[in-house]
Structures are given as C-alpha cells and as structure tokens.
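Each of the next two complexes has subunit A plus one more chain, namely subunit B in the first and subunit C in the second.
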Partner chain A sequence: MSRSTSRGARAKVADGLVQALVWGTAGTVSAVFLCLVGDLLWHGLAGIDLDFLTQGVERTGRAGGIFPILVSTFLILAVCLAVSIPIGLLTAILLSEFSRRNPTLSRLVGASLDVLAGVPSIVFGLFGNAFFCIALGMGFSILSGGLTLSCMVLPIFIRSVELGLRAVPSDYRLAGAALGMSHTSMLLKILLPAGAPGIAAGLMLGVGRALAETAALMFTSGYADRMPSSLMDSGRALSLHIYDLTQVTGGRPNAYASGVVLVALLLVINLLASWTVEHIVGGRVQRV
Partner chain B sequence: MKTRGATRNDRILLWGLRGASVLASSIVLLIVYFLLAESLPALRRIGIARFVTDGDWLPSTAEGENQYRLVPMLAATLLSTLGAVLIAAPAGLLSAVFCHFYAPKALATLQRRIVELLAGIPSVIYGFWGLVTLVPILQRLAPPGQNLLAGILVLTLMILPTIAMLASATLATIPQAHLQGAAALGLSRWTTLRGVVLPEAAPGLLIALLLGTMRAVGETMAVLMVCGNVVQIPTSLFDPVRTLTANIALEMGYATSEHRSVLFVSGLALMALVVLLIGLQRQFRRSVTLV
Partner chain C sequence: MSDCCFEACQSQRLPDPEDETFLAVRNLSVHYGAKVALESVDIDIQRGRVTALIGPSGCGKTSFLFTLNRLSDLIPGCGVGGRVRFEGTEIYSDGVDIGLLRANIGMVFQKPNLFPVSIRKNLYLPLREHGCPVNQLDRRSEEVLREVGLWSEVSDRLDASAHSLSGGQQQRLCIARALTLRPKLLLMDEPCSSLDPMATDVIERLILKMRGEYSIVIVTHNLAQAQRIADDVAVFWCHDESGCVIESGHAEAVFRAPKQPDTVAYLAGQRG
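Our next item is the complex of A and B:
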C-alpha cells in the first residue's frame, strides 16, 4: 500500500514537472517572439516616414531612404512571379489531374521538387551565379536574381496549387466529363476557378519566401543601391540592404527601419496566406 | 460533344503540362550539373584529400601556395546544427504538446499564431536581432560575443517553428479514441503523453527533426551575422566560428579560378548533406505509411 502511494506521489511530481516544462517552453517562445518584434518596432518605427520610403539611398544607406531598394525588390519579385506562375501552374495541374496517366513523369517531378525544396539558399546563389549570370551572360542583374528566386519558389508554389486542385471535389470532374467537356475547358471553367484559393495561397507563400530571401541574391542581383534603369541592371533587394547596413558603421538605425518595412510586408502576406489556407480547409470540412 | 478542335486543344494542353513539368524538374539537374562543372577543376587539381590534410584555409595567397582546409568550416556547420537541433527538437515538441494537451483553447491558438509568425520571419532579421540583442549579452560573458553559442541560439529560434508546426500536425493525427482510452484508465497527463502520444507520434516527430536539421545546415545569413566568422575548429561554445555557408557568402564576391572552384566544392558538400537528409526522410515516410 505504501509503495503504491509513493509511486502515485512520484507520478504526481513527474506530472507537475512536465506541466511546468511545457508551460515554461511555450512562455519562452512567446517571450522571445515579443522581444524580437518589440525590439524591431521600438528602434525601427521612429525611422520610417514618407521621406524614408520615397528618397534615394545616401552615404551607403546611413542616410536617405530606401526607394530604389523597394523598386529593385519589387522588380526581382515580378521577374520571379512572371516565370514561376505559368511553369508552376502547368506542373501542378499535371501532378494533380494527370498523374495517373503519366505515373513515371509525376513521380520523377515529385521527387525532384522535394529535393529542390530542400536546397540551401546559398547553393541557389552559387547556381544562379554560374548559370544565369555567367553561362547565360546576364551578369549581376535583376533578371538573374528574379530567375534564381523563381527556381527557389517553384516547389512551394507547385505543392500548394496541387493541394488546392486536389481539394476540388471529384464530383465536379465527373459532372464535367458527363457533359462531354474537353480537358481544356474543364480546366479553365471548373478546376482553376474552384482551385483558386490554393493558387492564391501558393502565390502568397511564394512571394513570402522570395521577399525573405537574401543569400541567393548576394551573387545574382548584386548590391547596387541606385535606381535600376532596366532589368539588366544590378539592384539590391530589401533583405540584402538590411544585411549590408549591419556591415557599415552607423547603419543600424536605417537597418532597423528597413527591417520593420520588410517584416510588415511579410506579415501582410503571411496573414493573407494563412487566411486563404484556412478558407480551403474550412471548405473541405464543410463538405464532409 | 467533343469537336476536333477540342481534342487538339487537349493534346496541346497535355504536352504543355509535360513540358512545364520537365522544365520544373530539370532545375535540380541543372543545379547539380553546374555545381559539378564548377567544382571539377578544384577536385581534379587539388583533390579531396587536401581539403582535410592542408594546414590552413589560405585561399588567396600567391597562386600555387594556396591552402584549402575545409574541415573547420565543416565542423562549424555540423556543431551549430547539432546544438540547434538538440535544443529546438525538445522545445518544438513541448510547444506542440502545449497547444494540444495543456493550453486552454484561446492560448493554444495564440501560441500557434506566434509559431507561424516566427516561421515567417526572414533569416536576415533573425541574424540582425541576434547581432543587436544576443551578441551584446554574450559579449559580457565572453568577448567578442560573436561565437558558436550565438549561432546555435539563433539557429534554434529559426528551426523551432518548423519542428513545432510539424510536431503539431503529427499530434493532431493521433486518434481521439486512444486518448479517451487513456483517460478512461485514469492515466495522468504525463503517463498518457509518455505511453500513448509519444510512441504513436514518434515517426512524424523524426521527420520534423530531419526537416529542422536540413534548415539549420543550409542557413546562411543568420550564422554569417552572429558566428564571428573566424576559421577554426571551436574548442568551446564561446569560440567564433565560420560555417560552410558563411564561408561561401563571405568569399564568393572576390574569389577567382581555383578559390572559386573550391567554394563550389563546399556548395556541393552542402547539397550532398541535404540530399542525404531528404533521402532519409523519404525512406522513413515510406516505411511509416506502409505500416
């Protein structure tokens, strides 16, 4: 009897310890998050005004604003999306709708995308430098940077669109087939509209990844902080600007402010992404 | 009613799909090809052995006298990854357990949102925060403050959301009936966790751990900013180190010929590490779904 109570007491102690550990960890994670965001906002918000967003970079970033940096960032993003959206959509359609008819190809594509998703960003940088900048002769340019990013973004975008298309109920497909619709019109009139949330979510995730990326751009789009005159011009992305500012003395205030701008952009995009994802999941649950 | 035009459109569509898929999957091959092509001169002229046996990392002295010891960088990559995984794996799991078994609903949602937001913060911001917040604290313990420990802590923060989110997804798949059974037996929460939840979730947790490891191995910006970037094999947590990724980021800008080629060799090594981890993970996932 006494042994069983001592075992009971020990179990109670273990239970309490684990509970403390679990709450402690969760609390620490939240505290660190608040500290990170709080520090960024505290030091960064003061530096942001209209001038900061609309003026050119002066004294290698210590003074002036980030307007050319923002323009370069959006141009890199535009190149990245212009390439990855068509390729990604088509590949995702093959994976979700035609994988049974092309089993070997879909398996190979799936495996290669899994590997691509895991390639470290600095390796993308090496590849982009060797392939786009040198082999294809694009040099350090917004075009090279955007194309390198599109390689990075593709696996995320494709997986998300594929999931979105797979979530379209098969009744829709059967109904379309019963009406004698061709694959092409079924795709355009039924699947793509019905899978739109997945496409939107994939787009947001891809944009988020592209905006956050730094290492892959160091040796592809380069460091030039002036206003880019064309896509063949070098242009510095916002994330790279933050890194660069930590390397110059007196750059910290503007690094903080640029950090707030970057995190704010990403926050909006991530919220949009998780909202659309929940939208899809919600729709699926409702049907069951 | 299929018209001839429609079937022709379908055929064009199908070839379009195939073409795009081949293009998308050829990126990996292109990456491997260019890594190999650029590394080949170094592999041929220097040989793998010298990356270990050379006395030091002196990549840009007079041609012919360069030394290319990669071991310190490899050690830094492995040690920082190991340290981060050792902390982030239990912490990520505990955070997921908190959301599923301990927290009231509102707090669980809040915690989940915070972890999601942490996952979305770019590595350059983690690096910056580490540099302005963490490094000064470590500096008081052991100057200069940019060291292996700073790298481990920042990496921990970065891979924790990955591990926590995947662990959480795994915990969600445990059948409610098993938990109710445990409750009916009057098991305490800890006993339920240890006896029911963890054994069932173990395969999923291992996959989460592998993905976290992968992210830590490949991380560049954060470790570049907080690790101090001194080429040496660390003897303590307070030694500054330079990882393989940081080495590439620091030297690609000016590296030429042989030196550049050696940097591609280190890229190839990173790629090999990642492919190994992905292979393990796929193998594992397959064996799990078979059971």
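Our next item is the complex of A and C:
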C-alpha cells in the first residue's frame, strides 16, 4: 500500500515538472512574440496615418509616405503568385498523383525541391539577376523580381500542396475509380477540394516568404522608390524599403512604421488566402 | 511450383465460355510483384444470382474481385493473367472502355468509402461523370435511395455530410451510389464486416431484394450469412501461400455435400 502511494507521489511530481516545462516554454515563446510586436507597435504606430499610406516617398524615405512602395510590393507579389500558383499546383499534382507509376522520378524531383527550399535567398537573388535581369534582358524590374521570388517560393509551395494531396485517403481514389470516374474528374472534384488545407498552407507559407524577402529582390527588382509605370519598371518592395531605411540616418521612425504596415499586410493576406482557399476550393467538401 | 499448386488446388477446369455466359473467368491469376496471390481460377458467374465467395483471409478473394472491374490496374505492381469475359466482351483486351466497364460492374468495399461531400453530391458525382442530364439527377438519386431503403431516413437531410451517417447507413449509401449507374453486376467485398448485427441484417435483406434484378458477387467471412443469401458459392483456399478456388457450385450442394476435404473442414469450422 505504502509503496503504491510513493509511486503515486513520484508520478505527481513528474507530472508537475513536465507541466511546468511545457507552460514555461510556451510562455517564453509567447513573451518573445509579444515583445517583438509590442516594440514594433510602440515605435511604429505613431508614424502611420492616411498620408503615410497614400503619399510618395520623400528624402529616400525619411519623409513622405510609402504609397509607391506598396504598389511595387503588390505588383511583385502578383507576378510571383501568378507564376507560382499554376506551376506549383501542376507540379504538386504530378508529384503526388501521377508519380505512383514512377517513384524514382518523384523522389528525384522531391529531393531537388528540398535542396532548393533550403538555398539562401541571396543565392536566388544572384541567380535572378544573372538569368532574368541580364540573360533574358528584363533588367532591374518588377517582373524580374516577381519571377525570382517565384523560383524561391515554388519549392515550399509545391511541397506543402503535395503533402496535402498525399494526405487525402486513398479510399477516395478507389471509390472514384470503381465508379468509372476519370483521373481528371477525381482530381478536380474530390482530391483538390479535399487537399485544400494543404494548398492554403502552402500559399500562406509562400506569400509570407515572398513578402518578407529583401535579399532576392535587391539585385532583381531594385531600389527605385518612385511609382512604377509598368512591370518592366524597377520598384522597391516594402521589406527592402525597411532595410534601406535602417541604413540612412533619421530613417528609423519610418522604418518602424513600414514594419507595422508589413506585419498588418501579412496578417490580412494570410487570412484572405486561407478564407479563399477554404471557401472556393474546399467549399465543395465537408470535413467532419 | 505452379504445377504443384495446380495439383494441390485441384481446381476444376471449365470449357471455353459460351457467348451467353454472363461472366466467365478462365485460368485467371493475380500476382503482386513476384508474389502469386491467386492462381488458375476457372469460374462462371450466373446472371441474376448471388454468388458468395468464402474462404480464409489472404486467399485472394479481394484480389479476385479487383480483377473483375479492372481495379487491379490501379494497384502498383499488380499483374493479371488469364481471361475474364463479361457479356461476351474480353475485358482484358485492348480498346475496352474501362469507364463503361466499371459503370456496368459496380463495387462496394469493406469499409464505407463515401466522398467527403454531401449525401446528394455522393450520388450526383457518378451520375454527372456518366453524362446523366441535370434534370434527371434528383429523380435518379431518389430512386436509388428508395431502392436501398434510405429515402425515409435521409430525405430531409440530403445536403448533410455523408460522413455524418451511421456506419450501416453509409454502407447502404455506398450501395446506392453504385446503383446510380444501373450496374448489371455488383461486387461486394465483405460489406458487413464493419457493421453491427442489426445493420448487417438490413443489408442482407437488401441483397435478397436485389437478387434477380442485379447479379451479385459477395465476399463474406460469415458462413451463416453465405447460407442465407447465396445461390452459388465458390470456396477460396491457400496452397503454398497462393490462393485458388477449390470448389464451386450451387450453394445448397456445396454446403450439404462438400467434395473437397478442405471445404469439409472449413465448413465444419475446424480450419481457416
């Protein structure tokens, strides 16, 4: 009897320790995050008003607003997504669906993607500069920047969509095939909708990485802080703007304000992306 | 080895199929990579009857069903030899329309495998795939739901998720989904093995009701069930790790006077 009580007591102590550890870790992580956001808001919120969002850049960013920067950022992101989403979806489908017959190919492509996903962005910047700006003659332009970003985003996007598709139970495939459904209609009507969470996650990871990127854009879309007149024009992305502001004296207040805008933007785009994918693509399936 | 198994199997050889035979299987074999799962199966399946496939696990009953609608095409490494002739068409010849074949030969699986969409959409999907006009969808859906006795249970919640149904209801909806295409032959792979006795009873009665209108091949581990519902029986057995059919014929005859010693033992519940 006494033996079992002492064992019970020991178990209780161990439980308490584990619990303290878990809560401690979770608390630390949350605290760091709160400090970061708090610092950003504390220094940045004051600088944000309508003028800041709608005016042009003055004195290389120390004064004026960030409107042209926002426009460039959106254009770069748009180019990046317009290229990444179709190519990414098709590649992921190929990897998860059609490669069953050719596992070697899919393993090879998968391994290459994993390596690419780990390559530092500065390397993508150099590649983008050499390939898009110089070899293809696009120069420092929003197009070059967007295309370079999509090279960077694609590996992550493809991998997470592929995982999402692979997670769809193979029961559905057999069920569909037994009903004489073609591969394509299975894909469009069952597998893609059921894999929607994976697509959403991939999209958000991709957008997050694209918006946060500075190094890859430095050599491709350039620094010009005026309003871009076309996709072939150079344009400065928001994160690059922040980086630049930290390098000039007196640039800090606006760097912080831009930082707040960037974080807010990320949040809004993430919500939008997940809502869109859940309702448009996933709207056809019901998860229980 | 194949010779030895052939002898061990003592499976009966049938003559070449006649044209009016509903479904004729000749010298069928299935292998997964190097592993032979099923060997030299000869069997005729009759129109409008319920044929039960019985025998221990791992003797290739599921593999056999998968060859009949060419679902085996989807299993990596799975190879099929021999002939399957369905209503006069060799289904393993070139130029067979597999979509049409699978519309004619429906299948119900061991576990209900409804799509993660509404009850209604589960029935619409195969109908739309096979070109059912939009204004016929509702009528046809109601028809099959009535056939499987689900209409009164789900008519007021057709847009609810199919996965919200009970296990027995899900399995009946799977049957209804297969029936949307008016198949001539329905393959059922242990359709009751995941169900409770009540739900099993409902499905058994449904099978008895469908007999005649549909031809049914059903795999079951439940010998009492086979006796209750089957017109014909085929006994699968394993020899040297590969499966074969050791005995087949009228259910009554096989159950009353089995010819093979293995069948006798199996029916007596001593082996397998």
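Operating definition for what follows: the second predicted complex is superposed on the first by the 231 of 288 C-alpha atoms of A that agree within 3 Å, B and C clash if a C-alpha of one lies under 4 Å from a C-alpha of the other, contacts with A are read in each partner's own complex, and residues count from 1 in each chain.
Here is the rule we use: contacts are C-beta pairs under 8 Å (C-beta built on N, C-alpha and C of every residue); 3 or more make two chains touch, one makes a residue touch a chain.
In this text the structure is predicted, and so the values were computed from the model without any measurement.
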{"item": "Which of subunit B and subunit C A:Asn270 touches, first, second, both or neither", "value": "first"}
{"item": "Which of subunit B and subunit C A:Ser185 touches, first, second, both or neither", "value": "both"}
{"item": "First, second, both or neither for A:Ala194, with subunit B first and subunit C second", "value": "second"}
{"item": "Touching partner for A:Phe98 - first (subunit B), second (subunit C), both, neither", "value": "first"}
{"item": "Subunit B or subunit C, by number of subunit A residues touched", "value": "B"}
{"item": "First (subunit B), second (subunit C), both or neither touched by A:Tyr172", "value": "second"}
{"item": "Touched partner set for A:Pro86, first subunit B, second subunit C, both or neither", "value": "first"}
{"item": "Overlap of subunit C and subunit B interfaces on subunit A (superposed complexes)", "value": "180, 182, 185"}
{"item": "List of subunit A residues in touch with subunit B within their complex", "value": "11-12, 14-15, 18-19, 21-23, 25-26, 28-30, 32-33, 35-36, 39-40, 86-91, 93-95, 98, 102, 105-106, 108-109, 111-116, 118-127, 129-131, 135, 151, 154, 158, 180, 182-185, 187, 208, 211-215, 218-219, 239-240, 242-243, 246, 252, 255, 259, 262-263, 266-267, 270, 274"}
{"item": "Of subunit C, residues touching subunit A in the complex", "value": "69, 71, 74, 76, 98-103, 106-107, 109, 111, 113-118, 121, 125-126, 129-130, 161, 163-164, 174, 177-178, 181"}
{"item": "Residue numbers on subunit B that touch subunit A, as the complex places them", "value": "1-2, 6-7, 9-10, 12-14, 16-31, 34-35, 37-38, 90-91, 94-95, 97-99, 101-103, 107, 110-111, 114-118, 120-129, 131-133, 157, 160, 164, 188-191, 193, 214, 217-221, 224-225, 245, 248-249, 252-253, 263-264, 267, 270-271, 274-275, 277-278, 282"}
{"item": "Footprint of subunit C on subunit A - complex, ascending", "value": "100-101, 169, 171-182, 185, 189-190, 193-194, 284-288"}
